[in-house]
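Working notes, beginning with the structure itself.
Chain lettering (A, B, C and D) follows the sequence in which the chains are written, and residue indices restart at 1 in each chain.
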Amino acid sequence: MPKVFKPVEISPDETAARKDYFDRHTPHIICDSVVKRGGRFCVKVRIGENYQHPDDADHYIKFIQLWNLETFVAEVQFAPGAQGGVPSNVEVDFYLTAKNTMYLSVLSACTKHGLWHSEEVKVSVTD
Amino acid sequence: MPKVFKPVEISPDETAARKDYFDRHTPHIICDSVVKRGGRFCVKVRIGENYQHPDDADHYIKFIQLWNLETFVAEVQFAPGAQGGVPSNVEVDFYLTAKNTMYLSVLSACTKHGLWHSEEVKVSVTD
Amino acid sequence: MPKVFKPVEISPDETAARKDYFDRHTPHIICDSVVKRGGRFCVKVRIGENYQHPDDADHYIKFIQLWNLETFVAEVQFAPGAQGGVPSNVEVDFYLTAKNTMYLSVLSACTKHGLWHSEEVKVSVTD
Amino acid sequence: MPKVFKPVEISPDETAARKDYFDRHTPHIICDSVVKRGGRFCVKVRIGENYQHPDDADHYIKFIQLWNLETFVAEVQFAPGAQGGVPSNVEVDFYLTAKNTMYLSVLSACTKHGLWHSEEVKVSVTD
């Protein structure tokens, strides 16, 4: 069964011991925390901070899913080689329309190391 | 953050209390437990046993992913209305080639109620 | 731009000249031509008849999409290696609920040789 | 069979007669035409220019696929409601690593009106 890694559940000890492994698989959400109702805003997702993930035929980032609580929003799928076959911080920008306060999170998949949750990001909507 | 439900982690009490909820979301793998090396075999996935899942525009089965341990194999994506807009046990048959012993599992998504793991199924390969 | 191949547009001469190329990429729909309203029925899709398609890291069947006229129904996505890394006739079974007469067709993608249409198949619905 | 619309094949007359229909479905690629070998660069895709596409449960932009000639690169999939349920110019930014000169194009799908090609964009790679 593919493991589902959640950063909030990984102990500091464990993270320190396998720093590169956790870093290069963990997705991060970068977006404004307050947006205007009805406005369009960008949600950038980037995988890894200090370490890059390979893009080999049998080991690559397969997808990045964007969720709002329990609601599926969008996902991007990559072919192997989509990152040029070299290590990188896989990245994608989604664009959403603000309706109500959102609690965004990401689930991404490495073809070899299972599923990885981001932290949850609250996006408040103001009038 | 979308919840990830695993049948092995759900207590009998909890399952009994919300029987229809758990039943209609849980994916099941139906396939031979022993296959001949190099042969093609069918892996049927069906969601729910005694209860059916709606197929409404804002509440439907979005995808069914097939994994072999930590390795992504294949997935099917459905548009809302793909099940005719009526409740059903969503179903798909994948076909695989047997190389080595596999530990298959499924992760499926309801657009409203998050992610659901199947039990893991061992498929032994013989010569 | 990825080419979009349609069997109905390929001349017999061309097909004869590159028989294996066209055969191994062309998707076929196999299903009942008449179904009972409200009933579930199986739509098998198979790629190729007499020739098999490779499953190499840089050359494999990426997806199979099922359409009803201009309406997207479902699709299956494969990872490279999903067919065991050996040539095969990639296959999947979808299950649909019959509501009204359908005109099903498939669009499939080879990661190296673009997009391929099946012939269109009419499925009549009776009461 | 889903129609496959290509802007280069649509006559000016036809485009003028149904300006909003063609505009709101046609995907556009926005990116640098020259990039440094080994560098990361952004490929923005936007659907429509002067007209926006609905985001209704039975009529929305389903996916945007990025191709390099006949090679599949990446795709984004949207749930209905991903654009807040209001008309918009659906947009996504992909990030690629420059290796060799690319000929990028996009194939996008409306759940009701079939498949739409962008124009092809050449991205030259320099040392």
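Quick notes
Note that in this section a residue touches a chain if its C-beta (ideal position, glycine included) is under 8 Å from a C-beta of that chain, and two chains touch if they have at least 3 such contacts.
What you are looking at is a predicted structure, and each value in this text was computed from that prediction instead of being measured.
Comparing contact pairs by residue number, the interface of C-D is reproduced by A-B among A-B, A-C or A-D, since over half of the pairs coincide. Contact tally for B-C versus B-D: the pair with more C-beta pairs in contact is B-C. One inter-chain figure worth recording: chain B and chain D are separated by 32 Å, centre to centre, where each centre is the mean of the chain's CA atoms. Centroid to centroid, with C-alpha atoms defining each point, chain B and chain C lie 23 Å apart.
Residue positions 62, 71-72, 77, 79, 81, 111 of chain A each touch two or more of the other chains. Of all residues in chain A, those touching chain C in their complex are 57-58, 62, 77, 79-81, 111. Those residues of chain B whose C-beta lies close enough to touch chain C in the complex are 38, 40, 71-79, 81-86, 88, 90-99. For chain C in complex with chain D, the touching residues are 1-4, 6, 62, 67, 69-72, 103, 105, 107, 109-115, 117, 120.
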